[in-house]
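Below are two complexes that have chain A in common, paired first with chain B and then with chain C.
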Partner chain A sequence: MKNPSEEKKYMLDISQKEIEELRTTIRATSKKMTAEYIERMRKADKNRPEAMRYFDEIADFEKREKELLAAKESGKKVIGYMCLFAPIELILAADAIPVRVNSGWYDASKLGDRVVPVEVCPMVRSTIGAKMIGLSPYLELSDALISGLTCDGMTKLSEILSDYKPVWAMAVPRLKDSTQSLSFWREEMKTLMKQIEALTGNKITRSKLKSAIELTQRATKAFRRLQEIRKGNPVIMGRDAMLVNQAYMWDDIKRWTEKTEALCEALEERARQKSWACSPDTPRVMVTGTPMIWPDNWKVPSIIEEANPQGLLVADELCSSERLLYDPVGVDEWTMDDMLNAIAERYLMASTCPCFTSEDGNKDRVNWILNKVKEWKVNGVIYYVVRGCMLYAMEYMRVKKVLDRMSVPVYYLDTEYTREDVGPLKTRVEAFLEMLTARVDI
Partner chain B sequence: MIMDFIGELLKLTVLAGLTVAGILVILIWKKNLATRVTYLRFLIQVAAMVSVFYLFTYPVWQFIVLIVILLLPLVLGRFFCGWLCPFGLYMDAITLIRKGFKVRYRNLPDKLNKFLHKFRYVLLLFFLVVPFILNVIDPPPAESLTLMALVLAGPFDAWRILLGPVIPLIVPWKGPLEISKIYFSYPYVQEVIYYSKLLSIEVFTTIMAWVFVALTIVGSFFLRRVWCRFCPTGSSIAIVNRFRGFKWAPLLHIYKDEVKCTKCGICKRVCPVQVTDVYEQAGGKITTSMCMLCMRCVEMCPYEDCLKVNFGGKTVFKSRNWLEPAKVE
Partner chain C sequence: MEEPPRKDDVEYWRWQEYRRVFSEKKWHNKDVITAGIDVGSVGSKAAIMIDGEVYAWGVMRTGSNSPDSAKKVLNWAMEGTGLRLEDIKYIVGTGYGRVNVPMANKAITEIACHAKGANYIWGPSVRTVLDVGGQDIKAIRCDETGRVVSFLMNDKCAAGTGRGMEVFADLLKIPIEKIGEVSLNVEEEPPPVSCTCVAFAKTEAMSLLRKGWSKEKVLAAYTHAMAIRMSNLVKRVGLEREFVITGGQSKNIGIVSRIEKILGVKCLPMPNWRENGLDPMVAGAIGAALFAKALYEKEQKG
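Showing the complex of A and B:
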């Protein structure tokens, strides 16, 4: 909060005492829960590679918070982003630190109810709630926020958060195939570049941008290596892999790449020794839909992999996991212009966000799912939607139709940011997995 | 006599070298070890240019080269344009220089580019018909027509325009520019001189020639492969691929896997002649006469197996994850 006396246009004013109380309770509960999640993940896989320990540690936000604080002391800027449309390369090239600030806290979404109606997507409500009480260290530490105006929730969220921080909104064209969208998006990218330069005071030069692109390309390489390993027999539980992917959102990218490569080494060794994480006959499940965000929103992957019969998450189409890094920035010529074009195209064209439309629907997303289903030998798809996430919910029928034609079962799992429905969810997922197991046996 | 013999020997050596290079290329492709097609392409282009120079030391070879260029697309599509054409090499070299200067390239608007693509057929028609009109006006001695066809002389002289892009920088015949007994030429310069003479503006012929050279050099500095967009030779090759019934004909073509494509747009951006079909087409065989099979898109596509180059039903080259992940058993 830069200027507390300034009137807030959107947010409620709550007393300092209440803020303190809520923050300590929610942090404590969340800490307990994440510790429990990690403990369960450790138990689920007897020979869990030692390299996963790093990701268990970085999953604790406090560790990274200290690093960010130290970096800020030394004059670095932290730039938060809310959608995948934020060009990480530009942030890195300006010597700033990118962190994703979407919130996964269940309890914070109840606080968001005070500002926006309950019908709104819980992730948006939770982010509002987290900001109200200063819960998320990344949201607190970021000097500016980049918000892609994708869905309605995100659009209004950026308004609400502008009470506290400079928010750079990037208008995402809803049609991506037309040339005018792309040229518009390139302009947005250039505007953002100027804003980043102004905030950090560092000029984004050609060589800096080149090394930033190379850094993310290396991260993509490590990321793809990990997903490639998941194509074969299970050597890593889906939850573990998902945590690795998610850690990219807040971790130092260079370190993340090194640790992921180390993990891949360990996993390949494991594949050679044929020590599987679970039975290779476990039905292979893919999750698609609304992003699931660490720390709290971890119930669905846990339920899938702890259900009886067990399922194995082998792939997903979540913008908080596999969509983060699947597409590299493909630079043809290393000129400033071409690099910017490449970045713009990577974020707009390769994205499979449901906010896009065309005559043929969001075909890229359907193709992505089909490719994952074929290549990762997926037995069933869980279509995960939180209440209020209109875009994903409305695309369900189209995805289902295509998958039905391939006779891949889809299950529509709708839920909320709450712990109360874990029991019923488990029953529903178990029924689905039971059916998948029967199909696998045949 | 001895010089002739050495020349002949050199010619054969180069041709043998080319064959060996070709076999090597196929072998490398089979193992899929080729990391950079672009470099490979440069090598082949240089080799092709050198061999064309030696072939042109005998006028009869010009005719044979022309026949080969015109018949090759039946099997290979416009492979010639992307991989063998010397003019293409000059333009690629200028692109390299531009890259060295870190200057950005420009793009033509897609609509203009597509118009040029249609317009080149008009150009081609013009250049093929004009010689016959001239023939009617001023009939040549009939008895030597066959010989004339063989050496591309007399009424067939104008057909030389199809050989335009193949003209090497140093020519073995009496070329337009002479510096200490070495004749220099440039693609199409002879044709420019020929046609500007016809229009009875002889004074300007040299100027016209230089203007043409300057235009193509400056043009290819800013636009990648600028001449390829309206090259008459390219369009005469493209005719084979253009007609519906012949779409099956080229054995060499690009194939796209619809499901693997995320429409990231890289193929569209890296294409030196701004072909949009690879990006726009949903999947299957890419059939466009604008594509010259330089395979830059296949090389740059970051999705494994998404774009493939098929030769007679066999995949010879495919897009790889150029970030190179580890192999899993």
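Showing the complex of A and C:
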């Protein structure tokens, strides 16, 4: 454990007064934004299923914050993670609670500018800013953080956050297809397992790990059921589905699974009644690129689904949404060794993160995008990048070339953690959607 | 061409507002009269069409209020034609202020409208359109019907846009309409300025003037840099002939000739807009009026 009085490596000292002022203002804005986005989502679909209400509620951070506080009082540990490389099953098996701590607050990124230059990824700056003023309940309540060293931003972020909390960095091998990568990664996992056991004081036993894997497998099943529904005519708006997916990052997983199953039930019934969320002719859009974190990052999904002409998000390839849960941990024999191998494989091999490099040009991600385009009948792809997000920006040309070959229009939408560029973004998205519909002939 | 009196000769950036009516054309109530209103960040344009043919247009500066600007420019285009608002069957709003055009039946982006308008002005051979607006530039690829195939827009920065040119005209005290010619009035093309940032334009220009550069040379260096920025956008979207430039900067010969040189391609000839030709600055409004006609007819069919 770190001694809090130890000199900070990166973080600046801010007066308690300033911290409190900033936290109060930004929290108020955030609460307003959250309520506003939920309201807009409700309006977008007049027959929005009642089952969505649960996710509207969990979208307000306070509900979960209270639960986490209570859990901590009863002796449970909360373990935060910043990348999908953190093996959730190991956290669950130690009776700890996983929460993702990346920040989606625009205002907080401006605070992060005091510590790192504006050229740095705004999600990283925003997470730093959130920590500076204690904005994120998930980050604050975390007893330790797991950081996958994927992009440069994440690598340094873990160092910066270690000014406050124990950070367990996991070196992610940037080459998937070599035997030493997987064995190295397995070792990283085993080290992490010991760290989790030490923090929680709970031994990760075979039976506990088995139940944890079974729990996330059930979550994956519910998750896949939801995405499967989205292949058909629209019974759920993309923003609603995205909120459901994203809630997995901070909700209780067992409850999330039940609520998602209940939602799917309602949606399947809706499909039988042909009560569509929007016209089945609405152009079907997929987004891929930089993660979009609730609440401020709802900017682009909202622009797409509120545009004129309207677009419908039917799928995404984002680590904040559909990349979260698509792949189950596949276990052959329920031995400790086999389970650990299965977890290691699932987190490394199934990942389509652009941090990997290979001669075939990250074919895993490219193929997955193509597969989604086909299966979800996508009419156009929006490639979303926030400035400073180098890996996604660089992989654009690779993805574009493949989509061009399939004659699937793709549009590069670059933005920042700001609300000021909504006007020009709207023009760009609407022009793209006009292009997809091309419904006016002269 | 009717022009209002020039209000203040000291405002070098102030370009001429004007209107045009093809008075040899006559309209009847049975005609499909449509209009397009393009409220840009700097200029507002309205075009009126009779059965899909341009009848009148007006170009004005955009005021602080989009609905007002839209109303004013449409009224101006209609002036003396006998047309009233209720004679117009369908109106499409476009441009940055498109959602704030109160009389519009529908809004369509300026990207789709410029491609459609360019197709109308120059014909079906147009494949690439560079629209240089007041605060942004767009490179658009389209098919033979004027339908957008792909496009790119510059980032939020105003460098290399009409507004940037206005700032420079004012700084160097050269009337905006002359700025193209003046920029070509150099013996040798100077290297481009390193920074096209509008906020730093003054510092940049002053330091060059202090170095003993002539106004012409400074302007040439700035125009050169803007032309490079615009050409890069065209290269990125992929240049396919025929190529045309729309928007206010299509009238800046300094920009057009430099882009042609950088890209190694000639633009289709500029219509003689001062006399009988169509004005490429109004391409967006024309495109919008064409969409208005199509939408009206679709509506009539049910």
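What we mean here is this: the second predicted complex is superposed on the first by the 433 of 442 C-alpha atoms of A that agree within 3 Å, B and C clash if a C-alpha of one lies under 4 Å from a C-alpha of the other, contacts with A are read in each partner's own complex, and residues count from 1 in each chain.
The working rule: a contact is a pair of C-beta atoms (placed from the backbone, for glycine too) under 8 Å apart; a residue touches a chain by one contact, two chains touch by 3 or more.
Here the structure is a predicted model, which means the values were calculated and not measured.
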| Clash or fit, chain B versus chain C on superposed chain A | fit
| For A:Thr220, is the partner it touches chain B (first), chain C (second), both, or none of the two (neither)? | first
| task | State whether A:Ala350 touches chain B only (first), chain C only (second), both chains, or neither. | result | first
| Centred on chain A, what angle do chain B and chain C make, from Cα centres, as a multiple of 10°? | 120
| Looking at the overlay, does A:Glu333 come into contact with chain B only (first), chain C only (second), both, or neither? | first
| message | I'd like to know which partner A:Thr179 touches here: chain B for first, chain C for second, both or neither. | response | first
| field | Of chain B and chain C, the chain that contacts the larger number of chain A residues | value | B
| So, does A:Pro424 touch the first partner chain B, the second partner chain C, both, or neither? | second
| task | Applying the touch criterion given at the start, work out whether A:Met435 contacts chain B, chain C, both or neither, answering first, second, both or neither. | result | second
| query | Should A:Asp414 be classified as contacting the first partner (chain B), the second (chain C), both, or neither? | reply | second
| query | In Å, how small is the closest CA gap from chain B to chain C once the two complexes are overlaid? | reply | 26
| said: Does any part of chain A touch chain B in one structure and chain C in the other, and if so which residues? | reply: none
| How about chain A: which of its residues touch chain C in the complex? | 308, 409, 411-412, 414, 420-421, 423-424, 427-428, 430-432, 434-435, 438, 440-442
| Residues on chain C engaged by chain A in the complex (per definition of touch) | 52, 96, 99, 107-112, 116, 136, 145-153, 155-156, 290-291, 293-295, 298
| remark: Seen from chain B, its contact residues with chain A in the complex are 99, 102-105, 110, 258-266, 269-270, 300, 302, 321-326, 328-329
| task | Going by the contact rule at the top, pick out the chain A residues touching chain B in the complex. | result | 176-177, 179, 182, 206, 217-218, 220-221, 224-225, 228-229, 231-232, 264, 268, 271-272, 326-328, 330, 332-338, 341-342, 345-346, 349-350, 352, 364, 367-368, 370-371, 374
